[in-house]
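In the two assemblies presented below, chain A is common to both, partnered first by chain B and then by chain C.
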Partner chain A sequence: MSEREQLLLPIADDELILGWRNSEWTGIAPFLEEDVAFSSIAQNEIGHARALYQLVAEELGTTADELAFDRKPEEYRCSQFVELRVVPDWARTIARQVLYEEADEKRIKALMESDDERVGGLAAKIDREEAYHRMHAQMWHERLQHEPRYAEALEELRPLVDQRDGHVPEFEQLWNEMTEVRRSVAGATW
Partner chain B sequence: MVTEAQVWNALAEIPDPEIPPISIVDLGVVRDVSVENGTVHVEFTPTFLGCPALEVMRDQMAERIRELGAEPDVEVILDDSWSTDRITPAGREKLRESGFAPPAPRQAGGPQLVQLQSKAFKCPYCGSTETRLENIFGPTPCRSVRYCESCRQPFEQFKTI
Partner chain C sequence: MIYEVFRQERKGQPFAHAGSVEAPNDEYAEWYAREQFGRRGESVALWFVRRDAVHEIDEFIDELERNYHRVDGYPLKEKLKEARERAGTAPPADR
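Right after this comes the complex of A and B.
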């Protein structure tokens, strides 16, 4: 397995799947500002996934589309944490976002120091955009920190952040929806 | 034989697909242009990675170069070389005239929530700094939404990145 594949594929998968999950708030968020926020965050995450897949694909001689949509469910290396379907639970949604941003910041900062110049450069770009996701998470954390439901959600989700052995049951349906276009229209591109 | 200056001029006529008053050269996404044996190589450093306008920009650049009678080679650079600090002074003025508050200069360490929640941002309509953050996110990845307490006008703030 190439170094980029080992390093970047789990991150790309996390960003793709979380982007997918976050987009499930589009149109039904508790209020308009959050509808816009979660849609925009989802768009950024999927953009990050694509760029990361591209770097891996160059090494493997494949394409970002093939990596994102042509693998079998068991080949995805995302954590169970991003796979969970949390809609319509706002406390769990925010808890996941806060925990994710915390963990993601650490690995993106580490990637910025990579000896692979292209990996370091891309990580630095992603970091600039993620700064806004972190501010959004911080703002919500400050607002909800004394709410019992939010505290429970943090406690429930924290152990799952880096749980990468197997998938949660609802991943199967997400995979079906996500790969449907590629499976039914040969050669469809991002 | 096409010259680099001709290419720059042609690219300067391409409007940003989402904010048409500003050109893609004003936006600072063209990092370099070089011409060799009839092929024009463009280094394109995108704004936001998830921005759907990127493909449109790339295709329009290629089309303009073909119109000049040359073969385009547009390379998308996936590093952090684009920053809102690359928007030209003319571009910033055009943004303001169109009702978008131009981005604040980037500071070391990047933007902070406390800054966004402060009154350091100017309304592009009346110039007042009595403005508050409505939403970190907006209709496209590059914009936030603010509200001016002085002229009671919501406006879009280009994010500093």
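Right after this comes the complex of A and C.
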């Protein structure tokens, strides 16, 4: 397994799956402005996934699409944490987002120090967008921190952040929905 | 709370009203304004301000119809036409 693959694939998978899950709020977020903002974050995450897959794909002689959509469910290396379906629970959604941004910041900062120039460069770009995601998460954290439901969600989700041992049951359905187009239309691209 | 958002399309241009966002405080308003009016490169700067901080004037009294205050007070077209007829000169061809 190449170094890029080892390093970047779990991050790319996390970003793809979290972006997918967050996009489930599109149209039903608590209010219109947040709907636009949260959907935009979801889009950014999928954009990050795409750029990361691209770097891995170059090395493996494949494409970002194939990496994103043509693998079997057991080949995805995302954490169980991002696989959970949390709509329509906004408290759990924000708890996950806050915990995710916290963990993601550390690994993106580490990637920025990479000897692989392209990896370091991409990480710096991603970090500039993530800075806004972190502001968004922080803003909501401050607003919800004294709400019992939010505090419970933080407790519940915290141990799962880096749990990469297998998948949660609802991942199967997500994988089905996510790969449906590629499986039915050969060569479809995102 | 409603915030009014103004955007500047290019440096040096006047800010124009872009729309409004609803947000619980300034911090959220900044985020939402950025997302609604700034993320597609359509603005180089934004102003956002609470709607209740905006002073409004919507009454313009002109009891004596002093239309000489207004830019449309003196229609020139007719006068120009008359002057040209007196002088016997035709209006200049369209440029």
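Everything that follows uses one rule, which is that the second predicted complex is superposed on the first by the 190 of 190 C-alpha atoms of A that agree within 3 Å, B and C clash if a C-alpha of one lies under 4 Å from a C-alpha of the other, contacts with A are read in each partner's own complex, and residues count from 1 in each chain.
Please note the rule applied: a residue touches a chain if its C-beta (ideal position, glycine included) is under 8 Å from a C-beta of that chain, and two chains touch if they have at least 3 such contacts.
Small disclaimer: the values here were computed from a predicted structure and weren't measured.
After alignment on the shared chain A, the placement of chain B and chain C results in a clash. Looking at the shared chain after the overlay, A:136 reaches both chain B and chain C. Residue contacts after overlaying the shared chain place A:1 against neither chain B nor chain C.
In the superposition on chain A, A:124 makes contact with chain B only, while chain C stays out of contact range. Contacts of A:50 after superposition on the shared chain: chain B is touched, whereas chain C is not. Between chain B and chain C, B touches the greater number of residues of chain A.
Legend: residue contacts after superposition of the two complexes on their common chain; A:185 is shown touching neither chain B nor chain C. Once chain A of one complex is fitted onto chain A of the other, the partner contacts of A:31 are limited to chain C, with no touch recorded for chain B.
Applying the stated contact rule after C-alpha superposition, one finds that A:40 touches each of chain B and chain C. Chain A residues in contact with chain B (one complex) as well as with chain C (other complex) are 33, 36-37, 40, 132, 135-136, 139. On the side of chain C, the complex with chain A involves touching residues 21-24, 27-28, 31-32, 34-36, 39. Within the complex, the chain B residues that touch chain A are 48-52, 78-83, 110-113, 116, 134-141, 145, 159, 161. Against chain C, the residues of chain A that register as touching in their complex are 31-34, 36-37, 40, 132, 135-136, 139, 143. Interface of chain A with chain B (complex): residues 33, 36-37, 39-41, 43-48, 50-51, 54-55, 118, 121-122, 124-129, 131-132, 135-136, 138-139.
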